[in-house]
Amino acid sequence: MIEFTTWDILRNLLLATRWTILLSLVSFVGGGVVGLALLFLRISKRKSLRSLAKYYIELFQGTPLLMQLFIAFFGLGLFGIDVPAWLAAGLALILWAAAFLGEIWRGCVEAVAKGQWEASASLGMGRLQQMRYVILPQAMRIAVAPTVGFSVQVVKGTALTSIIGFVELSKAGTVVTNATFQPFTVYGLVALIYFALCWPLSKSSQVLERKLNVAHRNH
Amino acid sequence: DALGDITARGTLRVAVPQDFPPFGSVGVDMAPMGYDIDMANLIADKLGVKVELVPVTSANRIPYLQTNKVDLVISSLGKNPDREKVIDFSAAYAPFYNGVFAPAELAATKPEELSGKMVGVTRGAVEDLELTKVAPADTVIKRYEDNNGTISAFLSGQVEAVATGNVVAAAILAKNPPKRPELKFLIKNSPCYIGLSKEQPALLEKVNGIIAAAKADGSLNAISQKWLGTDLPTDL
Amino acid sequence: MSLIEITEVRKSYGMNEVLKGIDLDVEPGEVIAIIGKSGSGKSTLLRCINGLETISKGSISVAGAQLLDDEVHLKALRLKVGMIFQQFNLFPHLTVGGNVMLSQMVVKKTPKPAAEEMARKMLERVGLEQKFDAYPDELSGGQKQRVAIARALAMQPIALLCDEITSALDPELVSEVLAVVRELAAEGMTLLMVTHEMKFARDVCSRVVFMHQGRVHEIGAPDEVFANPQTPELKQFLGMH
Amino acid sequence: MNYQFEFGWLFEYYPQIVKGIAITVELIAVGAVAGISLGIFCAWVRALGPSWLKPIVAAYVELIRNTPFLIQLFFIFFGLPSLGLQLDELQAANIAMIVNLGAYSCEIIRAGIQATPRGQFEAGASLAMTRFETFRHVVLVPSLQRIWPALSSQVVIVMLGSAVVSQIAAEDLTFAANFIQSRTFRAFEAYMVSTIVYLALAILLRQALAAVGGLIFPRRAAR
Amino acid sequence: MSLIEITEVRKSYGMNEVLKGIDLDVEPGEVIAIIGKSGSGKSTLLRCINGLETISKGSISVAGAQLLDDEVHLKALRLKVGMIFQQFNLFPHLTVGGNVMLSQMVVKKTPKPAAEEMARKMLERVGLEQKFDAYPDELSGGQKQRVAIARALAMQPIALLCDEITSALDPELVSEVLAVVRELAAEGMTLLMVTHEMKFARDVCSRVVFMHQGRVHEIGAPDEVFANPQTPELKQFLGMH
């Protein structure tokens, strides 16, 4: 039988980490795009659009990501859509991340002083122009820290995709455990790799937050 | 129709295990290998298409088929009436004896003696269904998501015994694990079948033909020798 | 036809009627001071003229065009009427120049060089041409308010609404802002300003509007209104100063 | 779509679902009480505690917050036995949730403590209370009140995260869905039902926490 | 032996020496007013006596016991000396009664009924017995400060330190608090109070301490100090009032 050296274990885990990183990036970027759309719905003038976004957020923040993954994976197939694991994983994570990012960003937009809306309106700007040129540039500054902070949740969220069979870091961990019978070492290493991915993100989020609070300059 | 799709696509999508030696496990390079993988290759070969291996778990392999994510499930799948309601089965392609395994110090020679014991099993596998039927009511059955979980639970001592295939236990034993699963008793002779979507007679016929041919020309026996270390039983 | 015609305007917040039927016509080139106690509805009136609040009843028209509550009409209106706020409301992420250029480029689609030329001209007019590249938080309050005026002027409005534009300023900075307004008035700009600067109102304005409890309580030339208030409310209000 | 929805299995399997709900509720109840207690202790250490303990608690908090719950769970259940610490799946799930919520609530509660006006500490001190007594009787309740909404959200997040404990065969709500799915092959229906139950649980939990807040904070104490 | 003995006390924040050698002995029953400009170190002195700040040099003893910087000694000290703050510092999550009972029960382990009895007695003393079940945010500033006094008194201290306890109050509420202090003084409580109420200091205090730049600049009976200040600094300070 083949024997795994510690290096084999680590190498395989690191190879799988590529998927974790890729999946995180896809979810984060995709979630950002959808989240932005949600943000616009959430602060729209139309009540129906606002409630639509609200229920979306309620639904995705009120149910386990795991269930969302299951349903994306097994559910969509029933509608005749062929979803490979990576697509289901990406889709569910994007929709899930969008709910959180949309809500985080709404808070940031609402933190921009009301006078900014009024001043830009009185200069004749339309709502989209106000958002694009006046509100979003200011809200973005506020949003950087919590957004980076949330990226940690995204990286950790990708671990759940192991359960629908997507072979990223966590799944590689279980598979390797079974080939080596060294759960303590393998899961320890898996945890360390996640830590190495997440910790710089959380740290920079904290640093950014402090920086923005201390130097309350606007440019 | 499924067979047409496969030839048109040029690839055969097969659900295989990667947590279930010797039927499917991973090598140092994380590539799947095992009886089921060889079987998948053999069928693809005979169909003249490329093979695309999709790693699955016991729990989700049937939904994979139901949702048309794969064409075949070659994943040490056992047959039972419940399953026959939702999918079709080919002829048997591998032998499989379910048994209860435990370290030497645990004494149990028949299901009744599992009373009060904690037994791990993979949720949704034939062992799960059979053990649930034969074990006394006070047996604690722990059902894990996949074979990884079941095997890890046994090796880390979370359960006293596991129900699984004899060859699986043998494959684990071969790796000199900290806890040695020894056969206590068999619960069912449940050969493995290839699972297909319902109402695909063309594909079913083709697959059955390939299996019969492989049995006849000895190529299936070679796979058995390679992974199970014995000849195919004659009654298969 | 007057430049701004306010007819029977009413505005309620929930059950609270804040404007109780306002009639006011403003001729081109007029400079009107709006005075009155806190809560009398002065800001609300200005905000209604600019379409920042929707009116409950009555009508407002500017240069012959009705105020209607849709983006197209609002935009047309706001191109004619500029507004300046007590809290400056400069855009903190843009330079002074950027503040003045933004709406020209975004709303009027003025090409950048033309917008910049206009911005420099307007900043010169308020005496801040050298601050073109500064950011708002590097300016004093008086300078900020002058930038806000330049920003409104750059849109070439036919009238300006000013809501207590000197109230957030330290006393020594008030005069620099009022000097700019005085000049605008002299150049013939139509101005509606809520103010507490009675001396300024008396010197510069053509008419004074005294608001009380959501109504125009007295209106007239500053000399009359200040020297000879008709109602006890205005007397009391002026007595406070 | 040619798939026929079918919920007939609900009658046969509802005991599984009820049991799953019971376990999920047990997990979050124990997890919330013990996790928040642990969080309070850690927040105290980080804000006011002895300096030798601070780095230990900081390391714990950072480690937990930066690794997935699933891996923590696997580590506890599959990994710790090789150190001789054998926990059954419910114990492991409970401990994982406590440890997880402890780390998150630590950071939330610490923010609440740090927002306490200095005068409250001084008033406690000048009444001869020790630092710990002041924390316990004067600082704690208003601090918790300040961050109660954030803490409540975190508890809901941890409850939803508990879905992965089915991976170690803890028979929670997700386990029930998976179990039913493996017997009836009605994956979509089973997951849909459990998703709806989770949503209801999340809403109920939020309300329960608001009610608890109303009980322990009689007044607008925080500011 | 004096009740409070302050000997050569120095206190620095970093390089900034705030107390530059303070000597002061307080006899039982004395009422001492501490006056002086902002930043002269008055609060710092009181805070040192109560152990809220650690002193850099010198010694402080209360009723014969040294002030030492460990929890046991600090606790013993604070049981003898109560302190009342400008900002009241009531506990917002407890009722008035809870505020007064808390430290008795926590520190002295007084059983609840006894603590409640004491609380009611002390609240009666400050005229607030009917507010027992009210929460701090339902009280006026003057009432809050009287609760703070009751809370300190419930610990039965032998001396009270008061740091500008009327400075955060509206003028009409000052007298109700001073009335309570006046009564305490009459009953023989030892009091050290930082105050800006010169009339009160003159009427009630046995001695006045004038602090200047971290030193006791002048000290004496109020009649002397106020009528006949010796140093130009005190003259200037009193001239301010």
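A, B, C, D and E label the chains in the order they appear, each numbered from 1.
The rule is short, and it goes like this: a residue touches a chain if its C-beta (ideal position, glycine included) is under 8 Å from a C-beta of that chain, and two chains touch if they have at least 3 such contacts.
On a predicted model such as this, the values are computed, not experimentally measured, just so you know.
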Touching both chain A and chain B we find D
Treat each pair of touching chains as one step and give the shortest count from chain C to chain D.
2
By number of contacting C-beta pairs, the most connected chains are A-D
Relative to chain D, which chain has the most distant C-alpha mean position?
C
A CA-based fit of chain C to chain E gives a rotation angle in degrees, as a multiple of 5, equal to 175
Between chain E and chain B, distance of the C-alpha-averaged centres to the nearest whole Å
82
Note: chain E sits from chain C at a C-alpha centroid distance in Å of 54
Which whole number of Å gives the spacing of the CA centres of chain B and chain D?
38
Dist(centroid_CA(chain A), centroid_CA(chain E)) in Å evaluates to 55
For chain D, residues that touch 2 or more chains besides their own:
78-79, 81-82, 167, 187
Multi-chain contact sites of chain A, meaning residues that touch two or more partners:
74, 78, 80, 163, 174, 177, 183
By the touch rule stated above, which residues of chain E touch at least two different other chains?
none
Can you name every pair of chains that touch?
A-B, A-C, A-D, B-D, D-E
Sites on chain A touched by chain D in the complex:
59, 61-68, 70-71, 74-75, 78-80, 152, 156-157, 159-160, 162-163, 170, 173-174, 177, 182-184, 187-188, 190-191, 194-195, 198-199, 202
What residues on chain B touch chain A, complex-wise?
18-19, 25-30, 54-57, 60, 63, 66-69, 145-149, 151-152, 155-156, 174-175, 177-178
So in the complex, the part of chain D that touches chain A is made up of which residues?
1-3, 62-63, 65-72, 74-75, 78-83, 156, 160-164, 167, 174, 177, 187-188, 191-192, 194-195, 198-199, 202-203
Over in the complex, which chain D residues touch chain B? Could you list them?
77-79, 81-82, 86, 88-89, 166-169, 175, 178-179, 181-183, 185, 187
Across the complex, what residues on chain B touch chain D?
58-59, 62-63, 66, 82-83, 86, 120, 123-124, 128, 142-145, 149, 152-153, 156-158, 178
